[in-house]
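Provided herewith is a single structure, encoded as structure tokens, for subsequent inquiry.
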Amino acid sequence: MDRLIARAGLACGVLAFIIACFMSLSGDWSGLFSREAARSMLALLTSFFPPEVAPAFLRKAAYATLETLAISWIGTLLAVIAGLFCALPAAGLWGAVPKGITRMLLNALRAVPELVWAALLVIAAGLGPFPGTLALAAHTTGVLGRLFAEALENAPREPYLALRRHGVGPVAALSYGLLPQITPQLTSYTLYRWENNIRAAAVLGVAGAGGLGQLLYYHMGLFHFQETGTILLAMLLLVGLVDTCSNWLRRRAMP
Amino acid sequence: MLLAKSQRWRDPAWPRRATGAAVFLLVLLPAGYLTEFNPGVFFDASSLRASRQFLATFFPPAHSLAFLQLLVGSAWKTVAIATSGLVLALILAIPLSLLANRTLSISRLGTGTMGYIPAAVRAGLRWGLSLLRSIPELVWALLFVRAVGLGDTAGVMAISLTYAGMIGKVFLEIYESQDTRATEALLANGARRLHAFFYGTLPSCLPELVSYTIYRWECAIRSSVILGFVGAGGLGQQMELSMRMLAGGEVLSFLLVFMVLVWLADQLSQGLRTWID
Amino acid sequence: MSNSQVVPATSLSNVTLRYRDGRLALDDISLAFTTGEHVAIIGPSGAGKTSLLHTLACALKPTTGVLTILGENPWHKTAAALHTLRKRIFLAPQLPPLPPRQRVVHTVLAGRLPYWSTWRALMSLIYPAEAPLAQAALAKFRADDKLLLRCDRLSGGERQRVSLARMLLSEAPLILLDEPVSSLDPVLGLQALHTVQDEARARDATLVVSLHDVRLARARFARLIGLRDGTVFFDLPNEQVTDDRLAELYAAEPPGSTMEGVTSAPHGIRISRCS
């Protein structure tokens, strides 16, 4: 009975919270659902068609697409390497203090969204795809580092310990004893992150970090909606391509 | 000790691995070029100066009373945007996912295959959900900012559309991964689709649905900060303004509040989810 | 194969091992092993065979008592010196510690790791160095066709043979094996022990093997040590181990013990194989 009351209480609380949220929103909501708003949004949507297909622009869009792909690759790759490095102490292999410090570092990296990293790094390095790559790497290191550390912690330690007892050095013992066990998880997490990162890389450019995002921001600012349409199509294609590749790799890597 | 001489032994896995590695490296080089990979760019004179100036303004984090009011107000705005966006997303996703649910297909009863039109409708709905999901939410936000101006509305709309796609898809997967016999039995006995759903599918998957919704709420809070960056209101928008003015102290304050907010949401979300299970 | 030198290279003096929860694993044990000696440890489950082997392997630190391994006290050494000492000790645990997804060739070659540089070790993961060595070692246990299989595709007996093959590749002068042939049929088990002892003899290594099957122990080892409840029940040359002694060793198992099927019949001991 009291569980029912508790649940009812919670439901009421949630409802009250939701109402409060809606009421806090500023902005003209009635205007949003008016005829004019609908008409202008429709106008906006139709202005995307036909998408711009001039060869010069297509070349630019193609280059930006490749750039975005490269950002997602290198960013994820850097994150895998850095994440592995951080995962070793974070899994407690070298004691409690390094574990605590590394975990805090990884949490800090993870907490800041890629876009914010990109904006900060653009201040330090100027516009372009490189700060975007590093921003992606920074955030993803936090995510992957923690996932890798958990995988390491949950892996059975026996093979590693057996080698250590035989006088094998820590790096070799890790490579022969622990890493083989977690390789499928590492691959799975990495591929999952790559799928996520291609979406992130596509929009990082809004902060000036290169790729399709930068192109999009530029053309939207100038109200070039046909070009915007092309860019949006390119984004969708890219995301679809990466998802397919990732699925294929995942199936190949998991026997 | 053992047999001494080694005959010519070849590792059969080697050729495949070597080609894989070669392809990987081959792809890496142009990628490095495209990303203009150049760590030196951080260390040239003008960059160093810009970084140093910006970093210098970071401490102490801004904490004047007026600013703190702005801080708390923006944080609440962010939560409001996220929650409203999520609610709207649910309002959109639940009907769509129910319509696309294969288990509720009447044409499939008995024969095992759906009629063409029901199959096409469902496929179309799935494709629609997929489209909503594939367009990055930032792009939605940009579009809405263009359409309805800067501020909360754009953020709410962007979140509601993207999350409708995500929630719709996951809800669909959850429905279809349940044991379908109960639902099919009810449908076969002539129950209406919605009733069959409520009595057959929902009881077993409700905790999972709620759990996922709470998880999405937590993500929505993070999203709304990011969307704010392009003008969709809340903490993100304020942070972007501060960054443009290179007011490092304000940026730091916003970042700290953001991290606290995310942590609180995470705790609340975990607490609710364990309470539900 | 002991020679005139009787100085015990490896010994335990009044060693007691207590687990953190207070349970007594080894109770005031004193044993001595000379170089090149082959010893079998037998006893009921829970007698402390595994604890004894782990203590000898410097994997568990004795709570009290003095441990001497190959002439040195391991626990009085610096970490680096202990690490060097460990290269001379090989312990094969009861459950072979084979990483599931690794190919057998790498698992066997891991026996060479203490003698390889880190660089060489990592390079070997990319392309197995000295693979024929691994194959030859496996051949001695009739498992060379498993060279390229993944460890999780092996049966229990195959895993044990792989673990023994790893031992062949190590150069340790102290070899400790914990129930190494429990999953092998009697013929294969006997042959495996034969190979192991040949290897130990060639290296002049001290071999300490815990065995569940007393027949194997009596068939192949000159000295048998019976452990019971963490103490040495008997420590005798093979000829002096009588059926009565064995009956006492394994008798009166407390109810619920994991060892089953030890019954004493009027005409002798019938010890059935535990899975």
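Quick notes on this structure:
Here the chain labels run A, B and C in written order, and each chain numbers its own residues starting at 1.
Here, contacts are C-beta pairs under 8 Å (C-beta built on N, C-alpha and C of every residue); 3 or more make two chains touch, one makes a residue touch a chain.
Given the structure is predicted, the values throughout are model-derived calculations rather than measurements.
Of all chains present, the one whose mean CA position sits nearest the global mean of protein CA atoms is A. Note: the chain lying farthest from chain A is C, by mean C-alpha position. Looking at contact counts per chain pair, the maximum sits at A-B. Chain centres here are Cα means. That of chain A falls 50 Å from that of chain C. Between chain B and chain C the centroid-to-centroid distance comes to 53 Å (mean Cα coordinates, whole Å).
For the pair chain A and chain B, the distance between C-alpha centroids works out to 9 Å. Those residues of chain A lying in contact with chain B across their complex are 17-18, 20-22, 24-29, 32, 37, 40-41, 44, 66-67, 69-71, 73-74, 77, 111-113, 115-116, 119-120, 123-126, 128-130, 132-133, 199, 202-203, 206-207, 210, 213, 216-217, 220, 232, 235-236, 239-240. Residue ranges on chain C touching chain A, taken from their complex, read 57-59, 83-91, 93, 95, 97-102, 106-107, 110-111, 113-114, 116, 118, 121-122, 125, 170, 172.
Across the interface of their complex, chain C is touched by residues 1-3, 5-7, 9, 11-14, 17 of chain B. Residue ranges of chain B in contact with chain A, taken from their complex: 27-28, 30-38, 41-42, 47, 50-51, 54, 76-77, 79-81, 83-84, 87, 131, 134-136, 138-139, 142-143, 146-148, 151-153, 156-157, 222, 225-226, 229-230, 233, 239-240, 243, 246, 251, 255, 258-259, 262-263. Contacts from chain A toward chain C in the complex involve residues 158-159, 161-169, 171-173, 175-178, 180-181, 183-184.
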